[in-house]
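Every chain is named by a letter (A, B, C and D) in the order it is written, and numbering of its residues begins at 1.
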Amino acid sequence: MKFGVVVFPGSNCDKDCFYVIKDVLKQPVKYIWHQDTELKRLDCVILPGGFSYGDYLRTGAIARFSPVMKSVAAFAAKGGTVIGICNGFQILLEAGLLPGVMLRNAGLHFICRHIYIKAQNTRTRFTNLYREGQVLNIPIAHNEGNYYIDSDGLKELKDNDQVAFRYCSAAGVVDGSANPNGALDNIAGIINKKGNVLGMMPHPERSSETDLGLRDGYFIFESIVKWLEVKR
Amino acid sequence: MKPGAYRSLGLSDQEYRHILKILKRKPSDTELAMFSVEWSEHCGYPRSRKWLKILPKTGKYKTLIGEDAGGIIVDGLAIIFKMESHNHPSQVEPKQGAATGVGGIIRDIFTAGARPIALLDSLRFGPLTQTYNKYIFRGVIEGIQFYGNCVGVPTVGGEIYFDKSYTGNCLVNAMCIGIAKQTELVRARAVGLGNSIMYVGSSTGRDGIGGCSILASHEFKEGEEKRPTVQIGDPFTEKCLIEATLEAINTGYVAGIKDMGAAGLTCCTSEMASAGNSGMDVELQAVPRREENMEPWELMMSESQERMLVCVKKGKEEQVKKIFLKWGLCASVIGKVTNDKSVTIRDNGKIVARIKAHSLTRAPVYDMPYKKPAHLKEATKFALKNIPEPKDYNKALLKLLAVPSIANKAWVYEQYDHMVQVNTIVLPGSDAAVLRLKGTDKAIAATTDCNSRYCFLDPYKGAQIAIAEAARNLVCSGARPAAVTDCLNFGNPEKPESFWYFKNCIEGIRDACKSFNVAVVSGNVSLYNESPQSSINPTPTIGMIGIVNHVDRVCTQNFKQSGDMVILLGRSKEELGASEYLAEAHNMIKGSVPHIDLKLEQAVQKAALEAIEKGLVNSAHDCSEGGLAVALAECCISNKNKIIGANIDNLDYNIRSDALFFGESQSRIIISCDKASVEKIRKIALKFKAPFRVIGKTGGQVLRILNGAKELICLPLEDLYEEWGGSLKRKIEG
Amino acid sequence: MLRAEISITLKRTVADPQGLTIRHALESLGYKGLADVRAGKLVVLKLNSQNKKKAQQEVEQMCKKLLANPIIEEYRFKITEE
Amino acid sequence: MLRAEISITLKRTVADPQGLTIRHALESLGYKGLADVRAGKLVVLKLNSQNKKKAQQEVEQMCKKLLANPIIEEYRFKITEE
């Protein structure tokens, strides 16, 4: 199966995602320049982390107008697999491919450290290799990860089981003290209704090799591969 | 410009006469401006150059000394690195000053064709008890994270000290490391008659005009009127500039390239022509600009950020231009390479400056007078017997752990993205950061070090200790010390006392580097660091990188498991002079600095390194500020997810307990290992004649330290962590 | 030439930690009697145009489309002759 | 109750990368005729006070001391009754 990693001006995790897919996951992968619109023959599109357009004005606000985003929307509408990591998540929100918005971290600081998240819904193409409720130790690195949505929106997310990951303690307790950025309901990652678009703040590509410590994030990529294989 | 303008540009009457002699005529405004920046200390090093020459340029690894940065070759891989200061701008506008400092040093690296893979920052501020110092501190951290995080280069290490000598003149020294295949490197030269000179990056405005000479070469007085404009950093544009530049270099069409840092176009045109032993003919109308009707001299002086000057092979202009435009950057051919050795600057064809490149870049060299400061006599007078021992060693240790210079720096480095590029295998918080080199089984370790209190009391020894400690930090991470960059921060060189410090520090660096057989491949000088109150402590910041031969032999400082044996390599002497403890508990900056014996240092380091490389060691940590007790505490608590106690019951040196626990004797490393490895390590220590002693055992929920039979310290790990871990946050946010 | 000054602020319903921090900073500087502090963004446009009416509509769209996020932000703007 | 609306913008002579980026974004969305775009900060204060004159001086101080850095920024403010 073929992966595509979108490169926006200011993306800075594009090479990391590319490297992990190619050298760790050992799957074919190519870069997609933000002005290209050709996504044919791709199985999964990754919107990487970074600071597209410097995060000037609002994170993701400008990138969502890049030509490639029209194609990504069409790709997603046809059921294509899309994953947005960190800034990629923020872009998906601004583009309306996922519900809600990102506010600045409650502490008003950029936060880079390992935190714990809980796999809430493991019946998705992104999480099928995790156990329900499994706790992952994985890094975050962001300034705007404070997820927000109005109460109706939140209810809908829950009713449709769209919350993929929530911040929790090492023991798996989901509470305020385990919430690094003030995200509503400790939400760290969500999927769309159809379940083919995932947005998450933590960085699975930074948690995919034993060299770097843990590889709890790796199985997100492998889940996608497995799901696609089964589908074939 | 009005007559005598040269003075306000920082040129002396003598220098002005010299310029008249060179040109055999009166300089134009533009020419005068160009001389003033090129001959400023910041660019031309007139006062320091004579002494920089004595630094060793060769060492155990093959070195590359470039125009901007320098580096070493490891298995055909070029590791390019350099440190640069942005002190004065940060004092004026902390956030943007620090941000543009980071931007500048990154450009120095990728302009050589190397991809930036890591940043470190060495910072010094006045005490956090003063609100204004707090404001500067917060601003500087804000600026570093703002720029570094966005530009996608991990900030993996650094150091932070607080001392009243930095009140009114903070130090912001940023270091960047990059890698490239040796074959991909480019020089900052204009070569090839008829090749094109292309301007790329952001457009030019009136940013920081004269900043280079005026800002960097004059003591900064609070509220001083001639305040220069500070530049605004644009990390987004820099990120695009990195990608575009490396892509352009990759085409093979780039004959030379240099970043427009201090003195922008002036520096680039003259230094590229001079380095290429060629000339340059430039038309200013072709320079992309942001503001209307800028004067030629303004264009030549502007320090607008995120710009580069490229020497493009004739006929390849369009291909190169396309790349920069694709990344949304300006690209414009502004001139050609000539062979008349002159820099010719035109405005609408009319010549506004024509100067021999060499006469700009070969600034006059001054032999500055130096004199040992009188105050040292008094300051080094110190008798331990007059110092009462602490009644409560527990209290003393807790207090020391909370000292901002010693306390945990997580509040700072967790605001930096230190993982992007997925190479960081040892994260901030250990003795040195370690980055893997993808595709090899080697890794790079990097650290910055300088105890400026030592340098204040004894510049020669202090500088040697800075080198020794940097090397020790690398060794504790499992790396072989490989090469050095330095950033020499001193006071006004026209004061013989501060120049004495400068000279002695450089000699200390030279001798220590020779004995470690490491080269100084790059560096930077920042003089005139004076606040209204005083000049700063002499601060020769050392940046050192080391090579780890096997990624899986990397070592960190925190204890790994209960039941390990704790070993001390090195000797503890009865030394309290110049220590953090003396300053903290007795409010004394006094005494002679710890003795440093480079032979002993190497013995200890070689022993530790061999033990680590043989896989015998579970943790290694060097003793520095705060001495043995603080180092032991850090071994227990520096991994907050896994704190492990220790029982240190075999320390009988017959010296005073305060000296034993808090004294800063050099050349000491604390190791923990499995019981089974103790004898093997003892043999290794013996082989290198490194003092070896098993001092205790890990485990339990307390840190317990005895001197002889006396239990003097016994503290729950939570209390240690509370003081050390929370201190900085409390002092900044509380 | 027209000048459009656009103020973008967080909706009342959305917490504004930045405003709060500024408030604390001001109070610690000794400024009492602050009932509320809100932080926001400012965008100032210069338009080569005389047609104020058309500008009104354009700026309105710019805000809707790009400058503000309607879920959390509200905007106001003022257009003046230069 | 008084309301102080403070606008902080970068000085003309200082580069404004954010404004420039916003400008390009607007242009690529098809908005022509932009002569200039500057980004800035907005701070809105509510003061429990009736004394407009005193407020004037206080807010002036706040800007000088905390809200703006005179080296790169300039500020304007407007105080109105609520």
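The definition used in the following text is that contacts are C-beta pairs under 8 Å (C-beta built on N, C-alpha and C of every residue); 3 or more make two chains touch, one makes a residue touch a chain.
Computed from a predicted structure; not experimentally measured.
Student: A-B versus B-D: which interface comes out with more C-beta contact pairs?
Tutor: More contacting C-beta pairs are found at A-B.
Student: Please work out the Cα centroid separation of chain B and chain D, and write it as a whole number of Å.
Tutor: Computed from C-alpha means, the inter-chain centre distance equals 36 Å.
Student: Using mean CA coordinates as chain centres, what's the chain B-chain C distance in Å?
Tutor: So the centroids are 41 Å from each other.
Student: When the centre of a chain is set as the mean of its C-alpha atoms, what distance in Å lies between chain A and chain C?
Tutor: That gives a centre separation of 30 Å.
Student: When you check chain B against every other chain, which residues touch at least two of them?
Tutor: Residues 234, 236-237, 328 of chain B touch two or more partner chains.
Student: Would you pick out the residues of chain A that each touch at least 2 other chains?
Tutor: 53-54, 56-57, 62, 65
Student: What residues in chain C touch two or more of the other chains?
Tutor: 41, 66-67
Student: What's the complete list of touching chain pairs for this entry?
Tutor: Chain pairs that touch: A-B, A-C, A-D, B-D, C-D.
Student: Spell out the residues on chain C that touch chain A in their complex, using ranges where they run on.
Tutor: So the residues of chain C in touch with chain A come to 14-15, 17-18, 21, 41, 66-67, 69, 71-72.
Student: Which residues of chain C touch chain D once you look at their complex with the stated criterion?
Tutor: 1, 5, 7-9, 19, 22, 25-26, 29, 31, 33-49, 58, 62, 65-67
Student: List the residues on chain A that touch chain B in their complex, please.
Tutor: These residues of chain A touch chain B: 9-10, 12-13, 15-16, 19-20, 49-51, 53-56, 109-113, 139, 141, 143, 170, 203, 205-206, 209, 211-213.
Student: Taking the complex as given, what residues does chain A use to touch chain C?
Tutor: Going through chain A, the ones touching chain C are 57-58, 61-62, 65, 94, 100-101, 103-104, 106-108, 148-150, 182.
Student: Spell out the residues on chain B that touch chain A in their complex, using ranges where they run on.
Tutor: Spelled out, the residues of chain B in touch with chain A are 145, 149-152, 234-237, 239-240, 327-328, 413-422, 424-425, 436, 438, 551, 641.
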